[in-house]
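Here chain A shows up in two complexes: once beside chain B, once beside chain C.
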Partner chain A sequence: MFFHIVLERNMLLHPRHFGPHLRDKLVAKLMKDVEGTCSGRHGFVVAITGVESVGKGMIRDGTGFVSFPVKYQCVVFRPFKGEVLEAVVTMVNKMGFFAEAGPVQIFVSNHLIPDDMEFQSGDIPNYTTSDGAIKIQKDTEVRLKLIGTRLDATEIFCIGTIKEDYLGVINDPGAAV
Partner chain B sequence: MSSDKWGNKFPISSGKKYASKPKTVATKGKDTSSSKKGRTVDSDTDSSDYEELPKFSTSSKSGGKASFETPTPTSKAKLNTSVSSKSGGKYSFETSVGKGYSGKGGKAGGKSTVPKATVAKFKVEEELPDNASCLMDCEAADILEGIQGQRTLLSNDPTIKLPGSFDRGLDYATFDRHYTDPQSARRVLEKLKRHNISDSEICLISNVCPETIPEVYALVPSLKTGSVGVEITIKEVLQELAKLKSFN
Partner chain C sequence: MFLIKNEYFKGSQFLKAKYLMNCEVSLILDRKYEQLQQMSDDPSNQVSQVFEKSLQYVKRFSRYTNPDAVRQLCVLGNLCPLTVEEATLIVLSIKTRGRSHEDEDISKMLDDLNLIKKFE
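Now for the complex of A and B:
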């Protein structure tokens, strides 16, 4: 789920950037440093939407760097247990399948795939129902529910299920062929 | 991920083929019979790194073993997967070091082999700072598209580059955009707040875009309060949301 959130960070700026465009330099550095990062608490910082305030700079002893406390607004993406997401399958194997929802990777174990779906190996590995009506393969869009999340300093990894009501394939690219 | 993957839009209301839609009890079926496969699913664990990863262990007929364990709060998260053959194979998806819960042939430390329902409160607000506000995917898509437009204008500075997660986030948000007018959808969904339905639950309903009350209850079980008032409001909201849906 996406969130709009206000975060704070101390930005270190080299004195060569001081001048009339100091704020611009600071914002540019903030974007470079923060966007695309991931924290366990907030999830992926997708984009900075605005800078609320830039505090007074403090010179760091022994270096010329100055630390500025910057308060900024950003859009973050963080998955939660119990959340229902629509994801695209990226890899299928006999253990289950991997899917991506935005920047997050989700693994769905074969134990959490409906029992009537069997793994079929071959050029395009997939899970298929016995009547062949429903197929999960690479690029299939599935609706899944997260049952667990692992939040690292740099990565978020989730475990999902499609073995519940109203979950499963929502768009099968193979069906159109 | 390529953008065309997400660009493949579909009418959410019509094109769905839920693999497990008609079931009334999700986990009911041949798979849950422990006598046959000795499978145990248990998703009640608590950890700092893993919010709630399920522990489950499986043993196949021919003595195969599978375990899926969560770490102790102090243990470092680690994921290991190993597979051998399906019949006598060993599946392990472990996240802890040391002794874990790995059942064999349904012994599983005396625990019931019947899977527990993973019905839990969707408690997002507790885990986020006070200044965080949930966004519906369609709102996020609008914001991110605005940023993308601005950045294209400002792209004369090569040091400012949008990261990969931005593109993936934008693709996801636009793919998931069920409503053309996020403000109207938000206004309609705000009615649910009368019944103490949280922002995160409201956004979840918006993102999932359910069509019926059973679908709402299945996907957001925390709304299942049994109150008639809530149900009536949800029904009204679903009817109004149906009018706002975008079929692209």
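Now for the complex of A and C:
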């Protein structure tokens, strides 16, 4: 799910940037450093929306760098265990399928796919119900529930299920209505 | 934006965090993309893959595309009106635009929202 939170970071700035545009350079460096990164605690930082405050700079002993504590607001994407969300299928194989929800990848194992869906290999590998009514293949939109999230320092990976009520395919581009 | 406490989210930063709906995120990311376009000629070079993927995702799964509708939804969520009259006064277009929305439907919707509030 997307959140809007306030984060804080100590930015190190080289003395060559000191001058009338110090603050702009600091914000630009912040955006370059932080946007697109992922932390296990906050999730993926998608975009910085604003800088709340920039504290007083402390000169580091030994080097000439100055560290500024910066408080900034940003949009983050953080998946949680038990969350139900919609994702797009990216790959299907006989172990299950991979889906993507924004920047995070989710794996749904074939044990967590309803029993009436079978894997069909071929040009377009997919999972289909026995009557062919519902199909899960690449680019299908599915609603799944996250049953586990693994948070490293720099990466998030999730496991999901579609074996519960109201989960599964939402919109199937392959099937005819 | 909704500001709700929830036992799901442990960790003090998320207690004060505001949840964002996909449509709101879509508006935010669009505005950011435009800002980048104004600043340089080739914004697609500068945005990260995370940004691109998130933008594609929210655009695909946004149920509400009209920014006014998004704002009205947030207002309803923030103010939690109890009666249909209150809701129509706050958000005029419920009555005027959707003639198909019966009063019963609107009051049912408000009851659902209130239920959610009670079970916090």
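We adopt the following convention: the second predicted complex is superposed on the first by the 175 of 177 C-alpha atoms of A that agree within 3 Å, B and C clash if a C-alpha of one lies under 4 Å from a C-alpha of the other, contacts with A are read in each partner's own complex, and residues count from 1 in each chain.
Just so it is clear, contacts are C-beta pairs under 8 Å (C-beta built on N, C-alpha and C of every residue); 3 or more make two chains touch, one makes a residue touch a chain.
All figures in this text were calculated on a predicted structure; none of them were measured in a lab.
After superposition on chain A, the partners chain B and chain C are seen to clash. Residue contacts after overlaying the shared chain place A:35 against chain B and chain C alike. When the shared chain is aligned, chain B and chain C each come close enough to touch A:103. Of the two partner chains placed by the overlay, chain B and chain C both lie in contact with A:4.
Chain A is touched at more residues by one of its partners, and among chain B and chain C that partner is B. By the touch criterion stated above, A:150 is placed in contact with chain B alone, chain C being left untouched.
In the overlay built on the shared chain, the residue A:131 is in contact with neither chain B nor chain C. In the superposed model, A:77 lies in contact with both chain B and chain C. By the touch criterion defined above, A:167 reaches chain B but does not reach chain C.
Stretch 128-136 of chain B is the one among 74-82, 128-136 or 218-226 that clashes with chain C after the shared chain A is superposed.
The residues of chain A shared by its contacts with chain B and with chain C are 1-6, 35-36, 38, 41-42, 44-47, 49, 75, 77-78, 80, 82-83, 86, 88, 100-103, 141. Chain B contributes residues 1, 5-6, 8, 10, 12, 15-21, 23-24, 26-27, 29-31, 39, 41, 43, 49-54, 56, 58, 66, 68, 70, 77, 79, 81, 83, 86, 91, 93, 95, 118, 120-122, 124, 127-129, 131-137, 139-140, 143-144, 147, 157, 159-166, 168-173, 175-176, 200, 203-204, 207-208, 210, 214-215, 218-222 to its touches with chain A in the complex.
On chain C, the positions that touch chain A within their shared complex are 1, 8-9, 11, 13-14, 16-22, 24-25, 28-29, 32, 47-51, 53-54, 57-58, 60-61. Listing the residues of chain A that touch chain C in their complex gives 1-7, 35-38, 41-42, 44-47, 49, 75, 77-78, 80, 82-83, 86, 88, 100-103, 141.
Across the interface of their complex, chain B is touched by residues 1-6, 28, 31-32, 35-36, 38, 40-42, 44-47, 49, 75-78, 80-86, 88, 90, 94-95, 100-103, 109, 111, 113-117, 129, 133-134, 136, 139, 141, 143, 145, 147-152, 157, 159, 161-173 of chain A.
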